[in-house]
Every structure is written in C-alpha cells, then in structure tokens.
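Going in written order, the chains are labelled A, B, C, D, E and F, and every chain counts its residues from 1.
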Amino acid sequence: YGLAETENQIGVATGLAYTTVGGDTLQIEVSLSAGSGKLQLTGKLGDVMKESAQTALSYVRSKADEFGIDASFYENKDIHIHVPEGAVPKDGPSAGITIVTALVSALSKRPIKREIGMTGEVTLRGRVLPIGGLKEKTLSAHRAGLTTIICPKDNERDIEDIPESVREVLTFHFVSDAQEVLQLALEETKK
Amino acid sequence: YGLAETENQIGVATGLAYTTVGGDTLQIEVSLSAGSGKLQLTGKLGDVMKESAQTALSYVRSKADEFGIDASFYENKDIHIHVPEGAVPKDGPSAGITIVTALVSALSKRPIKREIGMTGEVTLRGRVLPIGGLKEKTLSAHRAGLTTIICPKDNERDIEDIPESVREVLTFHFVSDAQEVLQLALEETKK
Amino acid sequence: YGLAETENQIGVATGLAYTTVGGDTLQIEVSLSAGSGKLQLTGKLGDVMKESAQTALSYVRSKADEFGIDASFYENKDIHIHVPEGAVPKDGPSAGITIVTALVSALSKRPIKREIGMTGEVTLRGRVLPIGGLKEKTLSAHRAGLTTIICPKDNERDIEDIPESVREVLTFHFVSDAQEVLQLALEETKK
Amino acid sequence: YGLAETENQIGVATGLAYTTVGGDTLQIEVSLSAGSGKLQLTGKLGDVMKESAQTALSYVRSKADEFGIDASFYENKDIHIHVPEGAVPKDGPSAGITIVTALVSALSKRPIKREIGMTGEVTLRGRVLPIGGLKEKTLSAHRAGLTTIICPKDNERDIEDIPESVREVLTFHFVSDAQEVLQLALEETKK
Amino acid sequence: YGLAETENQIGVATGLAYTTVGGDTLQIEVSLSAGSGKLQLTGKLGDVMKESAQTALSYVRSKADEFGIDASFYENKDIHIHVPEGAVPKDGPSAGITIVTALVSALSKRPIKREIGMTGEVTLRGRVLPIGGLKEKTLSAHRAGLTTIICPKDNERDIEDIPESVREVLTFHFVSDAQEVLQLALEETKK
Amino acid sequence: YGLAETENQIGVATGLAYTTVGGDTLQIEVSLSAGSGKLQLTGKLGDVMKESAQTALSYVRSKADEFGIDASFYENKDIHIHVPEGAVPKDGPSAGITIVTALVSALSKRPIKREIGMTGEVTLRGRVLPIGGLKEKTLSAHRAGLTTIICPKDNERDIEDIPESVREVLTFHFVSDAQEVLQLALEETKK
C-alpha cells in the first residue's frame, strides 16, 4: 500500500509524511454523503492533524465560490475524511494542502492527477507554510512511483539536501498559496 | 461460542481476529431500528476499531445506490453494531470488510453465507488493505468449522505460512475491493 | 435487601452477580416516563455493563412487534435503568438477559415471576452467551429465597459444581435465546 | 449554618450526612424555573450522589400523578438541585429520600416540616435502602435542633447504638417506601 | 488593575478574593447578547466557582419577577460571565453574592455603586453563607480604594481580627439574604 | 513566516507573543462562513487563550452596533479563529486585543494596517489589561518589520527596558480600551 494509483481519482490525494522511521506516503480520502454538515475525521489522527483538517475545511468553505463549489454543501452533506492505514498514528499540520486538495476534488468532482505527492501546512487564508523532513518525504514519494512534488515556497532551500539522482527525475513545484496547489493537482474538467 | 451458524443469517458476519493468545473468530452483529441516524458501537471496542466501523458505514452510505440500499436509511434508522463477547476488549482495523458485509446485509436484507470468515481493513473508497496474523486467523476459522476465507490481495504471499493440511480443506478468496467481498459473502436474494 | 420480592412486580428483575467476595443477587429496575427516547443508566455501572444495557435495549427495540410492545416507545418514553445499591460498583455483561426481562416487563406491563433469578450475556440478536461463577451465583440465589434459576445453555456443564443439596431444591432452565427467558419469567397477562 | 430553619419552607429538605469527621446536616435545595426539562446538579457532588439525584427524579416523574404533580413539568421546567456548602465534597446514595422530598415539595408547593431530618437510599421504585452512620447522623441532627428523624426500616436495629439521652428526645420513623417519607415530611396543604 | 472604578457601571461588580498570597479584589463582568440562553463562564474558574455561578444564575431566574427582570431572558439572551485576569486561576464559592449582583445589574440595567466590595457564598434560595479570610479580603479592599464592604452575617464575629485603623474608615454591612445585597449595591434607577 | 504582510488585509491581525525562548509574532486569522453561530478555535491553543477568544467574541457581540456590524452575525455565520503555525502550542490572555481586531475586521470588512503589531489582555467590557514580556515582544516585532506597537496603558513604565535604538524607530500607542485599538489598527473604509 502506498504505490501511486493506476488512474486519476476523485476525493483521494497523496500526501507525504515524515515519521521517526523515515518518510512515507499517505492517502487522504474524502467521502461525501447526503447529510447535515457533520465532519468526521478518522485514521488515528492526532489533535494537530484534526485541527489542520478543520482549518482546511474552513478555507474551502470560505472560498467555495472561487472553487466552483456550491457553498451550501455544508448544510446538506456530511463529510468524512479518512487516512488509511487505520492503526498507524498520524499527526502534524503538514497534510494541510493535501486535505484541501482532496476536499475540493470531492466537492467539485474534478479528479486529482495521480502522479503528484504534496506536503505543506495551510492557514485559514490559504497561505502555505513550510514543513520538516522534505528530503525523507521526497525519497519516499520517489519510491512510491510519484513523479511530481508540490511543497512550500519556504522549503525551496531544502532541495539541496535531496540526492541529485532523485532530484533529476522528479518535478518540483514550490507554492505559497493553496490555490496554486489546486491548479497543479486537479484536472480541469469534472468526471 | 464461535462455531459457524446453523443457517445463513441477516446482519451477522463472521470476522477473524488475532490476539496475543492466537486467532479467534468473532461475530459482527448489526441491528436496525426506526430512528434518526444514530450509530451505536458496543462490545468493548478500541478507538481504531470504532473508527473502522465509522469508515465502513461512510463507505456503505456513499455506495448505497450501487448496493440496492435506500440511501435515506441514515435519516430514519438507528444503527447498532455490537461485537460479542462484551467483556473481551477488541481493537484494530482488520474487521473493516466484516463490518461492511454485516451492514449491507442488514440494510439490504440479503443473508450472509454462514461458512465464510473474513478479515481485511477497508478504506473510505472500499479498498481492502492487508492485515496481520493470517496464519493464526485461518487456523481459528478452521477450528470454528468455517470453510471459506476472504482476505486481502496483499496478504496472498502469507498463505505459504499456513499448514498444507489446513490450506487444502479451505477455499481462499483474495480481494482488493470491498465489492468483491459482498459478491462472495451475500446471498443473491432477500429474505 | 436482596431477598425475593413478596409479590410479582412490573419492571424489576432479579439478576445474579459474581464478585470477588462471592455471589450476590441484584435488582434491575426499569422506569418509564413520558419523554423523547433518552436512556439513563445509574447504579455505579461499569462500561461493559452499560454497553450490555444498550445491547439489551436495541434487541428489545428490534423485536418490539414480536414482544407485543408499541415500537414507538423509543420516541415518546424516557427509559431509566437503575441497579441499587447505588454505592456498589457493578460491571460485566452477565446481567444482559435480566435487563432484557426488566425492559420487556416495563414496556408490556407483564409482571415478572418473583421466584426467578437469572444470569446470561445477551447479544444483539438475543443469543444467550455463557457466564462465569454459576456456582457462587446459584448459592447466593438460594440464600435469597429464589427457587428457579435461568442460565445459559453453554453453562449446563457447570451445574455439577453446585452442591447437590442446593441443586435439588432449585429448578434450572438452560436457555440459548432471550425469548426463552421471557417465556419463563414473565406472567402471561398484563397487570 | 446547619441549624433548623425558623419556618417550614418549600423546596428545602434537611438530610443527614456521615463524613470522616463525624455526622453533619445538609440542606437539599430545589429550584424550578420555566425551561425545557434540564436537570442541574451542583454543590461538589460525587458521581454516586449525582446518580442518586437522577434516580430520585425518575421516581418522582413516574409517580407524578399519585403525588398531585403535573406530569408535564419535565417539559416546561428546568430543575436545579443544589447542596450548600459549595466547597465541601459530598457523595453517596443516602440523600436519596431527602432529594425526593425536596423535589416533591418544590413541584407540589407543599412546605416541608422544618423539624425533620432524614436519611436513606431510594430506588427507582421508591424502596428505601439502609444507610451507614445512623448514630453519628442522629447526634448531628440533635445538635442542629431537629426533633424528628426519618430513616430506613432496615436500620431499625442500629438505634441501640444511639445514646439513650438523645434517643429519648427524638422521634424516629422507620420507613421502607418513599411515600411514607412524603406523608411524614410534607405539610398537607399548598402554600 | 484592581482599583475602584471611576464611575458606577452596569454588569460589573467587585468581589473580594482570598489567595495563598493574601487578599485581592476581582471584577465579575457580565455581558448579555441576543441569543438562546447559553451560559459561558471564563477566567480560569475552578469547578466550585463555576457551580457557584450556576447557582447564582438559577437564584436570579427563580426571583426574576421580584427583581424587575423579564423572566424570558433565559430564552433570548446569551450570558457570559468573565473574571479577569484570564491567566490567574480562581475558585471557591465566595463570589456567589458578587455574581448575583453583576447578573441582576446587567439584566435590570441598574448600575452598581462603585465604592462597594463584597464576599459571600449564595445558596439557591439566596441565603448568604459565611466565607474565609475576611481580614485579608478587607485589607485588600481598603488598598483598592473601596469604602464599603458587604459580607455574611455569620462572619460578623471575624470583624475583631481587622486592624482598628482600617475598620474605622470602612462601612460594613452584614447580610443573610442576597436581596439585602442588591438593595445595598444597586442604584435605584436604570441607566 | 512571521514577516509583515505586503498589503493590508481583512481578518488577519498580528499579535506579539512571549515564549520561553524569547518573543515572536503570530497571526490571528478569522474566517467567516454562512452557518449558525458556531465558534471554532484551532492552532494548538491552551485553555486560557481559548477563553480569551471567547471573551473577545462576546465583547464584539455586545458592541456590534457601535462597531457597524450586523448583530445577527452570531446566528447566520460560523466563525473560525486559527493561529498558525498549527504545531506550536500557544497560550495566555495577551492576544485578547489582537483577536478583537481580527474579528471586527472580518465582520466589518475593514482591512487591518499591516505595519502594526499588538499585545494586551481584553476584558468583557473592552478594558485592556497589562501583559508580560513587552521588551521581548517589541524586539521580535522590530525584527519582523513592524513599525507600530499597540500595548496596554499599564505597561507604559516597561518601555524603559527596550533598547533605545529600537525604541526610536518604533511608534508606540498605549491604550486602556479596545475601542482605541480598533481606531488605530483598522482602515476607515471597507474593502
């Protein structure tokens, strides 16, 4: 588990995690059902990661019009964000832009390009803040077959830490706003 | 307790558990009552297993149409998932596909084939993720009189660990999507 | 406190408990009031016993028609289950069938035969699972003046542990389904 | 604080408590406001005492008609039960009948006879169960100027522990049902 | 901070606190907004002080008519009680009458006389119970420029502990009922 | 992260924090969405800081008319206050006036002057209380490129602790009421 998907999908984005035993990839899954605006967060997520998901959701709500999303989704949908594998503890704010991407994909029905992995904290206004462990995350993305990495502008200096052999076969995008992430990661047209 | 049922039943699926003292079988019971969409989880379940049940339920809700289930069940039914024996602590994500099966059976009124035991984590999209302890689980299923085992595709390599005498008398199905589980485990027609 | 009642009552069933200092009898009291479906559990009950009560209630709700109970009780009644003595901690799943009996009695207004004590875990489908401490429970029931014991089929082998002098003056019923309990313990006609 | 009131009051009953430093009297205050059935419990009450109050309230609700109380109070009143002094921890089930008395007084507007102190656990059906520390409680009631003691029938044997000089100037009532308490403690007519 | 206000204000009463490092004054602030009866308590308040605020509020609700307050405030106002300074832990029941005064001032729009400091536990019926640390509280009130002290009748004997030089320049009111406090502390007319 | 913004923004105010390792700047972000008056607080905030935000919000609600804000926002908006960076614990009451400013900016659509940093506890009535660490906070504001500091009147004496070289290039405003803060920090006209 952790290999790139075999086709572009809706509501599933690939994040890059950094743990005590190295980098890893993780899937952020978003599922929508008819409901009343409840948010469910599962996958053994720590408090910081849960707050990161709430922040990502508020950002998407506040920009619904710009993202071509019917702003009333928060009244008539229940949103479930799950991060397999369910027994592995996960925490930290660095999945912020990945959660934004999975949410906008699910709400707009635009598929996510499957070759992309991403990492970056997101603020309530969509600013992308730097993260740790870029080297380890990048190596793990490479191992998982990803070819494009989206990461924070403020991590640009960390790219020198990545072995040149890996750096050369990957495409890097350094972003400072979550809207850049969406332009890079989402297909233009709805499925 | 733990022997195969004497006839196919609705809303009760047999899972395979792996504990410090070896494998065991467990029953996932689902009961529906007229209500307002409350989910109750009992049986001394740990947090990961509770999240696994919530993930299974969201998966079923999001696929209600495909499963021939009236999607409005979440508004007019209360759902209780119980795992006897009530004093025995249970945890982990590996009952995921068993919970999906019990839920779809209860909601569609299609009985579950009683000779089947199953194990596998399920994601929000229905992907089946690998589990641990396949050997111990299989031996316990055999002892309990089960003849068919459903387990994750990614556990296929672990089958070599199971004694040949047991392997020969059991039928194995290796699956990567929860819909395969439902096709294998549920009777075609409603009761 | 703990002696058999002097007449058959509605909504009070006698259970048999097993503690570190031996067996004991306990009363499961159920009170209904006009309300909106709230369930209250008091009497210093542990988590397993609370889940046992929730399981018993879901079982009764799902079988309301068969038990001659108006299924809408869950919308217009509040249910309070109390187990005196309020300062004594109680836990475990073995009061399951006792709770079912007290609930059905209160909801159907059929009195419970006062000479009966009972013990057994109940599942969501009404299966009766075995319990521990049958010998100690039986001796305590005898001391309290009870003459009939209902216990799980799977505990039938434990009867040899009970002193013959006690065994001879008690009537035992071994059951595998909660409906058998109700047939044995409830009076035919409503009060 | 702790001396008998100077006139009969509505919604305030005097209980007898037993602490590590001896007996004490306490006031159970009940206040009703227009509301929606919320129950508030204050006064640094432990879990057993809170459950005791919930049990007392359910008992009163289930007997509302017999007590001349409009059963709909639970929908249009908020109930606050407070036990001064707010910084002193209190626990245990023995204030049960005192809480019943204060509740029925507040709901029926019948004053409570100010010379009475009481102690006894109450069950959901109104049975009065024995308590500990009768001697210490009685001495403290005497010191506080009370002249009549209501206590559980099953504590009748403990009266021999009380010094004869005190026993002679107090009137004792031994009760087994909460309705006896109400007949003894409440004035006949509403204020 | 802690000096007497420069003019009489609505919804702010001055209490006297007693801490391990001596006496202190504190402000009880009450703010009302259009709402639905929610009560918010902030200022790092301990459980006893929170219960004291709930008791004060229930007292005010039950006496709304006598205090010239529209009793429906509990349905159409949200009430926030805050005690600056927000980082300083506060606890105990002795702010009871101060909270009552701030609440009635905010609800009736009658200003509180700024030269008054007060201390005393309040019960659900408005009885004023004695408090500790009267000497230290009084000295601190004097330092803060207050000239009038309201305290419980049952603390009258403690006045001898206060240095005569301070006692002479302060006016003391000893009260046994919260209504006396309101008559002393509130201006007659609304602002 | 932490440098002054490049243009005046709505709903983002710059606060000054004081940690064990020195001063720091932080952004208070406020996001509004169509909703029902829910308040969400994220950014690993401690209890005192959460209460500070609730106090700030109640102050703004109670002054809505004076601030040119439609008082009904509390019924039809959800409010999310986030403080990046999400993994850094934050606590204390000194962001009070910063939260007030961000809230009023978001609700009135008046941008906040980007060159201003601020610190000060706020009470329910808008009084500004003194804070600690003014020297460290000021140095950090200077490093981050801010040119104007708003701080509590009661901290005026602490200005002598700040190196003269820094003091000379910064403009200081000492305030005692939150309305002064808003006049200093908000642009006159809505965006």
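Methods note: a contact is a pair of C-beta atoms (placed from the backbone, for glycine too) under 8 Å apart; a residue touches a chain by one contact, two chains touch by 3 or more.
Since this is a predicted model, take the numbers as computed values, not measurements.
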item: Neighbouring chains common to subunit B and subunit C, by label; value: none
item: Starting at subunit A, fewest touch steps before arriving at subunit C; value: 2
item: Distance from the mean Cα position of subunit F to that of subunit A, given in whole angstrom; value: 30
item: Geometric centre distance via CA averages, subunit F-subunit C, whole Å; value: 60
item: For subunit A paired with subunit E, centre-to-centre distance based on mean C-alpha positions, whole Å; value: 52
item: Residues of subunit E touching at least two other chains; value: none
item: Category of the chain touch graph - line, ring, star, complete, other; value: ring
item: Partner subunit E, residues of subunit F touching it in the complex; value: 47-48, 51-52, 54-55, 58-59, 61-62, 71-72, 74, 92-93, 96, 121, 123-125, 127, 129-130, 154
item: Touching residues (chain side subunit B, partner subunit C) in the complex; value: 1, 9, 11-12, 27, 29-35, 40, 42-44, 78, 80, 82, 84-87
